[in-house]
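Look at the two complexes coming up: subunit A is in both, with subunit B in one and subunit C in the other.
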Partner chain A sequence: MAKAKRIFSLLLRLLALGATLSAAIVMVTSHEKAKFFAVSFEAKYSNTPAFKYFVIANVIGGVYSFLVLFLPPKSMLWRLVVALDVIFTMLLTSSISAALAIAYVGKKGNSQAGWLPICGQVPKYCNHVSVALAVGFIGVVIYMLLLLYSIHTALNPLLV
Partner chain B sequence: MAKAKRIFSLLLRLLALGATLSAAIVMVTSHEKAKFFAVSFEAKYSNTPAFKYFVIANVIGGVYSFLVLFLPPKSMLWRLVVALDVIFTMLLTSSISAALAIAYVGKKGNSQAGWLPICGQVPKYCNHVSVALAVGFIGVVIYMLLLLYSIHTALNPLLV
Partner chain C sequence: MAPEVGEKPEVGSNKVPVKDTKGWAIRLLPLLRLLAFFATVSAMIVMALNKQTKTLVVATIGSTPVKATLTARFQHTPAFVFFVVANGMASLHNLLMLMLEFTGHKFDFKGVRFLMMAILDMMTVGVVSGGASAALFMGELARNGNSHARWNKICDKFDTFCEHGNGALIASFLALLLLTIITTISIIKLQNLHYSINHSVLP
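And now, the complex of A and B:
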């Protein structure tokens, strides 16, 4: 039973690793050149601080998931892992929310602030970013499940 | 000892209640009329979806903190509270990150996307929003401490 639980949790961590790293890679590779009237510009993730933060957070989350895979099952560090899961879930939640907020302005604009949507000019870039955000969202959901699962298994013996 | 822990945790929840509700109130009351060339406009939180989300998340977080204050110490529901703390901490983290991302564009603009900063036109509004975000940030930190503390107290008996 304990072994099945361990395999399930490792599987979730592998999925989390895949999702966070894919999100970072898709975001980094998103760029498109466009002409707006006479001005040619290149849309890329590094122009937007929120997208840079998204990439950094997902790389950190991926590296953390990778390291945890090699933690021996009996290690005392597993206690720390629950606390670290909280920190990294918050980091990923924060990064995807910031990126989504900016992507929303990119798609819809904000007429009161005079910010025009840019997705009409750079549709390929926008699609690329959307995919990165969708994959990043899956990563956050997996992290949340992992955290709730850790809390569940940690609290269960106390209540039986 | 158990009583001291309980008082400490209730105190944190009271602080969280205060911080989340203050953040929501400060954000809701932020507005400023300004003239930009010939166009007069009013900057208010409800023009920005991310700020609306911030207000809603903080009100939900505040109501949750309030309800938990009345939970009897021996209730079985405390087990659920740890899981709910995870959910609400993520909700607040997400809302403040989205609001901060938009506030950053409001302050600095994004020249590649052609989004101009608006804080020069509506400085009072910007200050008001900054205060709301700072108070909201304190709320998130208190929630994170609460969560790490709950996890610590829940896991401790297992490891002694």
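And now, the complex of A and C:
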């Protein structure tokens, strides 16, 4: 029973690691150049601080998952893992939320502020970023499942 | 089912005694919840009443300036709408938890109350962090603009709107900090419960 729990937990952490790292990698490789009335227009993820925060948060989440993968099962550090899980889930939630807010402005624009949508000029970049955000969202969901599961195993609160 | 906890046998009830209920961290919990409630309510109200109308010169035809009256409202940006909704939900959650704090011992059933409080606290932390960070980055975009996307900054024209948004954001981040501390204390309560149950079954 304990072995099955450990294997399930390891599997979840591997999935979380994969999701967060691939979200970061897909976002970093999004890049498109477009010509717009003889003005060269380059769209990169580093133009927007929200996307930079998204990449950094996902890299940190991925590194954390990678480190927890190597934690021995009977160590005292599992309670710390529960606390750190809460913190990193919160970090990932905030990063996906911020990136989605800015991506929404990029896609639909904001007529009251006079901001035009840029997805019309760089559609490939837009699709690339959408894929990165979708994978990041999956990573957030997996992190939430991991959090609930680590509370269940480390604290076993539902008694008898 | 008779309660099998032996440390503090309670007279005829399903109550689960919690070790160290009156520890300093746990006694601090209602005060922290009250503070978090005030923080989320003030963040929500300040952002919900955020509005500024200004008459700007948009063009000059000949020698007569063309003026337009523009209004900045929080509803124009979905990120701010989400911010208001998230803080509203968090303040409702805090209010509910405050009430449960004082009346909840009647509804206890084998410690499920503590588990539900911990899980709901974590969900609220997630929601508030999402709302606060979306509003933060949207506010940063409004303050600095984005030259690559040709988006102009709007804070230089609508300064009161931006200041009120700043204040609401600070209140929300304070609420987030308090909620994280509250979540940690709720998880500690859960763990104390687990220990008190476990140790009572040992011979």
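Definition applied: the second predicted complex is superposed on the first by the 155 of 160 C-alpha atoms of A that agree within 3 Å, B and C clash if a C-alpha of one lies under 4 Å from a C-alpha of the other, contacts with A are read in each partner's own complex, and residues count from 1 in each chain.
The criterion applied here is as follows: a contact is a pair of C-beta atoms (placed from the backbone, for glycine too) under 8 Å apart; a residue touches a chain by one contact, two chains touch by 3 or more.
All of these numbers come straight from a predicted model, not from anything done at the bench.
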Inset, instruction - Report for A:Asn110: first if it touches subunit B alone, second if subunit C alone, otherwise both or neither. - result: both
Inset, instruction - Answer with first, second, both or neither: which of subunit B and subunit C does A:Asn127 touch in the superposed model? - result: neither
Inset, instruction - Based on the superposed arrangement, let me know which partner A:Met76 touches: subunit B (first), subunit C (second), both, or neither? - result: first
Inset, instruction - Determine, under the contact definition given at the top, whether A:Ile151 touches first (subunit B), second (subunit C), both, or neither. - result: both
Inset, instruction - Identify the partner contact of A:Thr29: answer first if only subunit B is touched, second if only subunit C is, both if each is, neither if none is. - result: neither
Legend entry - Residues on subunit A lying within both footprints (that of subunit B and that of subunit C): 43, 47-50, 79, 82-83, 86, 89-90, 93-98, 100-102, 104-106, 110, 112-116, 118, 144, 147-148, 151, 155, 157-159
Legend entry - In the complex with subunit A, residue positions of subunit B that touch it: 36, 41, 43, 47-50, 76, 79, 82-83, 86-87, 89-90, 93-102, 104-106, 110, 112-116, 118, 144, 147-148, 151-152, 154-155, 157-159
Inset, instruction - Provide the residue numbers of subunit A that touch subunit C in the complex, in ascending order. - result: 42-44, 47-50, 53, 79, 82-83, 86-87, 89-91, 93-98, 100-102, 104-106, 110, 112-116, 118, 144, 147-148, 151, 155-160
Inset, instruction - Would you pull the subunit C residues touching subunit A in the complex into a rising list? - result: 4, 70, 72-73, 76-79, 82, 110-112, 114-115, 118-119, 122, 125-126, 129-138, 140-142, 146, 148-152, 154, 180, 183-184, 187, 190-191, 193-194, 197
